[in-house]
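A, B and C label the chains in the order they appear, each numbered from 1.
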Amino acid sequence: MSEKIQKGVTRRRFIKTTGAAAAVAAGGLGFPAIVRSGPTVLNITEWGGKWSQVLKESVFPEFEKTHNCQIETDTAFPFAPKLMASPKNKPVYDVLHSNSNDQWKVAVAGYIEEKPDPAKIPNLKNLHPFATSDKIVGVAAFTSAIGLGYRTDKTDCKFESWKDLWDEKFAGIRGTYVITNGLGACLFMMAGQVFGQGFKDTEASLKAMEALKPVKQVDFTGTMEKQLFSGEIIVGVIHDSAIWRHVEKNAPLAFAVPKEGVLALEQVWSVTKGSQKKELAYAYLDYILSPKIQKIISEAMWYNPANKNVELEQKYKDHLFTTPEQVKQLVQVDWKWYNAQESTLAMAYNKIFQNQ
Amino acid sequence: MVDPGRVRRRFSWGGYLLLAPSLLLFLVFFILPLAVMALISVLTGNPVTETEVSFTLGNYGKLTKDIFYLDVLLVTFRIGFYTAAAALLIGYPLAFQMARTRSKTIRTLMLMAVLSPMLIGIVVRTYAWMTILSDQGVVNSTLMEWGWIAKPIHLMYNEFGICLALVHILTPFLILTLTGVIGRIDLSLEEAARNLGASKARTFWEVTLPLSMPGIMAGSLLVFALAISSYVTPILMGGFSVITLPILIYQQISGVFDFGLGGALGFILLLVSLVIVILYHRAMSRLSRVAGV
Amino acid sequence: MKAVNWGRIVFRGLNILLIAFLLLPIVIVILFAFNSAEFIVFPPEGFSLRWFDKFFTDPDFMGAFFLSLKLALITVVIATVIGTMAAMAIVRGRIPGARFLTAVFLSPLMLPAILTGLALFQFYVIIETGRTFWGLLVGHIVVTIPYVIRTSTTVLYNFDTSIEEAAQNLGAGPLAVFWYVTLPLIRPGVIAGSIFAFIVSFDQFPVSLFLVKPGQITFPIHLFNYLKYAFDPTVAAAATVTIAMSMSMVLLLEFTVGLQEYVKL
């Protein structure tokens, strides 16, 4: 039975006891009291690999110079557990860049500012509606579209509907993401919409997942692409950037936009409530939302920019969702609702696929 | 007759001194943090980040209510056992060869061959296995080309694939452990058995094998422990069709952020593993005693 | 006589097959590294060194590589020294609860490293040191010491103390006995443990995920991140370089310390 032990295990007491026990260790590791003198440090998170390369080369230098600061990037995903393991008034990050589902989790736990202030971030006024909709906490600076990627040389099907994924002829040679991954969750919800009453019809979704077997599951975009390339799968749930990146090199791949819509995979930036450098953080967000930087990143990564005033090269315009009409096709799901169900859904999902 | 007491007495004063650095390091940087996590697993929230928390056995309660957790535990240990057994079957002959060969070159070459699987890094190695085992991989493509099979055999995305990859990574650990032990077996004991008329097979079975017990025990335990706590390999090779306990733990920590439940799962794993280790130790010591070692 | 020869042939053949099993993925990885094709496909297309070039000229890859190397080397030294000391204490030191202590020291092996990583991260937050190089180092030492302790205790348990006894009878003091008699005899176990420690530290992933300082990244994490956007053979080149480096270390050990002693007393 639970007991309220407010007197016993309060946060202060807890930290004091453990801290005291580890006093020797702290001494050995060097006191944190050494305040860093010099430029302010902005702690952010980013994906690694090519993404952080692009940022380091084309995005950070100008900002660091203008604001006399140093940007320190954590590229070791997962970020949310680290943020949530740090106290709210002393978060490990000033700015969190993540997908929408993770942002909602840390928002509900009280770590980030949910609605950025246009007075502090002027570029907020120039964005497509999806960037600051009620489905977003923080601001979505870019988005990808989650649809179906397929091998044009191995099938005639154009995947005009999501239901085509469930077709018998693709049994065992189709791919999706595990449900704890944002894309997997998106497919799950889309299944409810396509086969049931709507995105929140979890019963229909679970039945659809059962019917999707056998299917190959991954947790990692790289693996999905690899499987498409090697022919392990002929069709897979994937976001457009992953496909268009390779089409340039004449790979026999195409991206299908089913009639029921494509789901938005937003790249969301937020400022932590406990950050000591909020002005700098706001400036950074504004910078990411500026047309110039939006163009650089969108073209490097094949992302759809949030800023309406970005002028992309033609080849990008051909494939990406840039006009207001195109952007309307992007469906944003209710992550707040989904996150609350995730634990139960994940278990049900695990049971469906255990030893499929 | 050796009087171990005399030797030991010389070291006892220094015993604690020698132990101190490792023990201190462990106490502060392993036991203590784990104790914190154990505490969190019996609280409703994380005391570091929340102001109001209370005791609860809810996390552990969740584990007993749903039989799925038991299933996951069984799968995890099953993989551990198969991996350890396979590693032993593969590792013993190789360790034996390495220990007994008289050629320095062969031993060095074998050592390099044995060490290399450990060195290519977990992600790259798994991609290599994917290339070999996947439905369109080397094995299936070749077999289909030769007409031996009509449809690909599923060598991946199941327990078989996971065990295979784990065996590949972990057998070197076992081989290196075993080589030292086998190498230290007094050959005159084997000679004596042969002189008394025992066949090669019998000598092996009744002399060599029992004498290698310490190595077999240590090696297979190591493989078992590493296999059940493994995360990256089951994910990449199992394709989420096989859920093991570490995968569940990762889901809790990284997806759902339920540190309490993740911690509880971790401690159950640790507890059950320790029990298995103790039982195994006892069984092996009994076997060694019976064999007269 | 004939039966014996058949047995030996079968035995040799079996071992060759088993070695082939161990080497198969490595051969594949090396093939990819030299492959000219852009993606990891099989069979390989042509010969090229471009992936090695890409690897060596990439500052991120090089930074991560040397960080992991530095981390592994320091980890090995510290873990080997204090681990061997602890092993001596456990086996010889007449310390109560030696068996229990051994289990404690081996427990990191049985716990999924992600929990160890999270626990340490949480701990560093509580004592307010944050993430530092030394914090990461300590994390690595914690997960590698079990290997050193395990191999050292194995060797020590199987130790014939009569040799030490003889040395003492000849008048050697305890320190001399240790240095000239004990240490050379347990060296094989110690070296095996340190080889494991190096490999485990260099390849360590989950603990590093939580403990790396922003701006620094270890080799395995960088490889993982890289594969998110590209799965070209650069990673195969990286892996090949790692193997080559370790092989050279093994050869170096062979010629200096003499690994052949590893299997015989």
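Here are a few things to note about the model shown:
Assume a contact is a pair of C-beta atoms (placed from the backbone, for glycine too) under 8 Å apart; a residue touches a chain by one contact, two chains touch by 3 or more.
Note that the structure is a prediction, hence the values are computed from the model and not measured.
Under the contact definition stated at the top, the chains bordering both chain A and chain B are C. On a Cα centroid basis, the chain most remote from chain C in this structure is A. One finds 35 Å separating the Cα centroids of chain A and chain C. Chain B and chain C, compared by their mean Cα positions, are separated by 15 Å. Among all residues of chain C, those that touch two or more other chains are 40, 118, 122-123, 125-126, 138, 224, 227, 231.
In chain A, 15, 18, 22, 25, 78, 81, 85-87, 226, 230 are the positions where the chain touches two or more neighbouring chains simultaneously.
Across the assembly, chain B contributes residues 29, 32, 36, 48, 127, 131, 137, 253-254, 259 that each touch 2 or more other chains.
The residues of chain B lying in touch with chain C in their complex are 2-4, 6-12, 14-19, 21-23, 25-26, 29-34, 36-37, 48, 90, 93-94, 97-99, 104, 107-108, 110-125, 127-129, 131-132, 137-138, 168, 171-173, 176-177, 179-184, 200, 214-215, 218, 222, 225-226, 228-232, 245-246, 249-250, 253-254, 259, 262-263, 266, 269-270, 273-274, 277-278. Interface residues of chain A facing chain B in the complex, by the touch rule stated above, are 2-6, 9-11, 14-15, 18, 21-22, 24-25, 78, 80-81, 84-88, 105, 109, 172-173, 178, 180, 216-219, 223, 226-227, 230-232, 342-343, 346-347, 350-351, 353-356. Note for the complex: chain A touches chain C at residues 15, 18-19, 22, 25-26, 29-30, 32, 43, 47-53, 72-78, 81-82, 85-87, 92, 220-222, 225-226, 229-230, 245, 249. If you check the complex, the residues on chain B that touch chain A are 28-29, 32, 36, 43-44, 46-56, 58, 66, 68, 71-72, 75, 127, 130-131, 134-137, 157-159, 235-236, 239-243, 248, 251, 253-259.
Within the complex formed with chain A, the residues of chain C that make contact are 38-41, 60, 118, 121-123, 125-132, 134-135, 138, 208-210, 212, 214-215, 217, 221-222, 224-231.
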